[in-house]
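Multiple structures follow.
Common to both upcoming complexes is subunit A, partnered first by subunit B, then by subunit C.
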Partner chain A sequence: MGEWIEACGSDDVEEEDVIRFDHAGRVFAIYRSPDDEYFATDGLCTHEHVSLADGLVMDEIIECPKHNGRFNYKTGEAKGAPVCVNLRTYRVKVEGGAVFVEV
Partner chain B sequence: MSKHFVIVGAGEAGARAAMALREQGFDGDVTLVGGETHLPYERPPLSKDGMVAEVFAAKTIATAERLVDAGVAFRGGVTVAGIDRAGKRLEMKGGSTLPYDKLLLATGASPRRLAGVEGERIVYLRTIEDAQRLRGALGPGRHIAIIGGGFIGLELAASARARGAEVTLIEALPRLLSRGVPAGIAARIQARHLAGGVRLVFGDPIAAIESAAVSARVTLESGMCIEADMVLIGIGAAPNVALAEAAGLTVVNGIAVDERLQTTDADIFAAGDCCSFPLAIYGGRRVRLESWRNAQDQGNLAARNMLSAGEVGASVPWFWSDQYELTLQIAGLADEGALTVERELAEGSILFHLSADGRLVAASGIGVGNAVAKDIRLAEMLIGRRARPDMAALGDPGVRLKVLLSQGELA
Partner chain C sequence: MTIAATSRDYSLIGRDSALAVANGLAAAEWYHTDVERKAMKALMQRSDGPAIRDTAIWIGAMVVFAGLGIWFWGSWIAVPFFLAYGVLYGSGGDSRWHECGHGTAFKTRWMNDVVYQIACFMMMRNPVTWRWSHARHHTDTIIVGRDPEISVMRPPDLLRVVLSFVGVLDVWHGLTDMVRNAAGVVSAEEKTFIPEMEQAKVVRVARIWAAIYAVTIVVAIAMGSWLPLVIVGGPRLYGAWHHVLTGLLQHGGLADNVTDHRLNSRSVLMNPVSRFIYWNMNYHVEHHMFPMVPYHALPKLHELIKHDLPAANSSMWDAYREMVPAFLRQLRNEDYFLKRELPATAKPYREELHGDAAAAE
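On to the complex of A and B.
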């Protein structure tokens, strides 16, 4: 079991969007889906370690800003070239208007 | 009997096509023939991180293990010398032959050469070997002369400065990047190179380039002389069409294919830098792209169509370049535009190009890191949908482009 860390306010992320969260030297990406659920993955692309938070979220896909590698941010699955290594995902909960990530 | 699909050229397009054939469920034989001895590798890093990194490491597209797992027979270091279309087999350099049922030509492009300029101190940049030679010539106290202010030359200039080398870049025209990049963005890139300490020389044609054992000399028509440890020539690339031409396939600035990537022989396809194709979004205008994503997209499309999908390409051209902390991204072809609107972002700016009738046809952005990436991606989708977004909204950074995209769906 990991530790629950407060990442951001629930309003800090727009619907169908993503923000970056840095914690203890690690980079995470926090997503809010179009149906208002929150998710978290590793924040750096598995291709060239670019911050995914500059990328575009569409439905359940995050697209890397650098070369458009795509991942399903709910499962972490890499959706094809140039990315072939999945993203790690983390459990998320929303409490009192804040988003917590289990790191 | 099981079918045999052969791919000539193990670069971005060829390697992607080989993997895509399997992803699409093809259960025949796949052979990927590559003239280079390396496993398929990415070229973009050769002028960027690969040039700057302490230790050079090629970025492979597919490891040996992945190729084996996918059941792709990779034959590296093998050059195809001819295509016997009637007998449906390839003739290899060295004399052996290889039969095919369907063939994909993904032979890429080669740097344009400056006629008569040869020697140990002259280098072009396309392969791992080229990159390694150049790396050896970069460092404090070294001086590199770059001929050509296109992407390869500019990326190399930035990387050489990062390695502490002196750089003189010589461009025959009055400005950088005159092909495909708007003047305002080229000016921003120019300013960054000047700030970075690159010496730029414009509009002074080359009179001579001499390469000796330890150094080279570039003489310009004005009489200016540049002594350098190495001269990089980056004056564009020409498609590798010799095989196709000898086999009687139609060649028009590249191996001519239709929107399904089929050549004039129904069993032969072509993809990537080597081919020219009609771009549907611009009314079928025939173009040849030298872009990494196009090579991937076409590798995928060729694989599907070798399996008789009959699918028409619908991608919007997309290109990026990294120089210093800046990234440039261009979606679409800017020369299709008649009007422009600019959007200023916190750390970058985007120029939208619209046709006279208000369609978004291209977007060129430059910014720090990935500042422009999201908007360029959304612009690409708008271009693909041939949307006519409101010009005021495009210019207003307060309006999210995603909103325009959903409006486009309603219209």
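On to the complex of A and C.
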């Protein structure tokens, strides 16, 4: 079991969008899906370590802002070149208007 | 002041490649103009509409021009139709390769992929190799020894530049690379930017293309006519001039080994026909800074950030008037480059990694 860390307020992320969360020298990306669910992944693209929080969320896809590499942010699956390595995902819960990530 | 010229090693496995890594120029963090997230999100939004419209016009025009060319084959009347067809094929294919490679032209993924494959074939660019080489071009734009897509190296080889207008060298390299890849050989340089798991795809595509070109040649021989090759493959030669005319301006005569696209890329205002063929890549600083923004939103992005960029050249003529003399000066001093003035509203250039002693005043 990991430690639950408060990442942001639930209203800090717009629907179908992503924000960056830094914790203990690590970078995470916190997503809010179009159907109002929250997800978390590592925050840097597995291709060239660019912050995914500057990218574009489309349905369940996050697209990297540098080379347009695409991941399914719910599963972390890399969806094709130029990304080949999956993103690590983290469990998320929302309590009292805050989003917590298990790191 | 006398400036000693330095010799650049553009090999991806050579001295300057190692130097770029050692100097922190490889996979570096680049300067970006500040844009509010809400505005950028709106600009990044995908849409199928503009690309479907433009692709229908592009393919429809090619069919019409090729049809008229075939109809009038054997007469001089066919020439202008094939010239128009050739530009759409050998130059329009370049921008479609580019935009669909980024995956930004269409919202629907398979549409990007289909147009990407067609455009790659037209441009004789292996779709796997060139997807990865272009990713590297965006990571390490005009970093010597890292960027595989530097079209004019220093000192400029002007004969090579002139030949590129008729596609001679591109076609030679495209075909020899295809034959080499079809034989199962992926070069050491290609291996520096294509992951091992993707290399088998390079070979598979090359074999399919080699078969298509072989069939085209057999048909031409059987017909006793050049017509099949004027339609397939040939336009990469006689229709390449427009993509070279516009593409040389992207980075020509500007800085290398910097981490600020305002120093190494150029935006140029162009006529609507060229912008259609080029799919708005005349807004090249904007594209490199924010590659997620689709071609059809680049004019809006330009308006949003132009306060932070050097003024766009007013025309291709204006841009060539600054670029050609820069090429000529680089023949004598390859360290020379153009450094455009920023507006008063812009943040200073990020040039801490760049020795700018040879920059234009």
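As a convention for this text, the second predicted complex is superposed on the first by the 103 of 103 C-alpha atoms of A that agree within 3 Å, B and C clash if a C-alpha of one lies under 4 Å from a C-alpha of the other, contacts with A are read in each partner's own complex, and residues count from 1 in each chain.
The rule is short, and it goes like this: a contact is a pair of C-beta atoms (placed from the backbone, for glycine too) under 8 Å apart; a residue touches a chain by one contact, two chains touch by 3 or more.
Predicted model only: the values in this text are computed from it and were never measured.
K.L.:
After lining both complexes up on subunit A, report clash or fit for subunit B versus subunit C.
P.N.:
On the shared subunit A, the partners clash.
K.L.:
So, does A:Pro65 touch the first partner subunit B, the second partner subunit C, both, or neither?
P.N.:
The answer is both, since A:Pro65 touches subunit B and subunit C.
K.L.:
Figure out whether A:Glu77 sits in contact with subunit B (first) or subunit C (second), or with both, or with neither.
P.N.:
neither
K.L.:
Going by the contact rule set out at the top, does A:Asp12 touch subunit B (first), subunit C (second), both, or neither?
P.N.:
Neither partner.
K.L.:
Just checking: does A:His49 make contact with subunit B only, subunit C only, both, or neither of them? Give me first, second, both or neither.
P.N.:
Once the two structures are laid over each other on A, A:His49 reaches subunit C alone.
K.L.:
Of all the subunit A residues, which ones make contact with subunit B and with subunit C?
P.N.:
On subunit A, the overlap between the subunit B and subunit C contacts is residues 48, 54-56, 63, 65-68, 81-82, 84.
K.L.:
Given the complex with subunit B, which residues does subunit A contribute to the contact?
P.N.:
16, 48, 50-51, 54-56, 63, 65-68, 80-82, 84
K.L.:
State the interface residues of subunit C toward subunit A in the complex, per the touch definition above.
P.N.:
Going through subunit C, the ones touching subunit A are 27, 40-41, 44-46, 102-104, 107, 128, 131-132, 135, 138-139, 195, 197-198, 290-292.
K.L.:
Would you pull the subunit B residues touching subunit A in the complex into a rising list?
P.N.:
The touching residues are 16, 19, 23, 42, 49, 61, 66, 292-293, 296, 318, 320, 327, 369-371, 373-374, 377-378, 402.
K.L.:
Show which residues of subunit A lie in contact with subunit C when the two form their complex.
P.N.:
My answer: residues 17, 47-49, 54-56, 58, 63, 65-68, 70, 81-82, 84.
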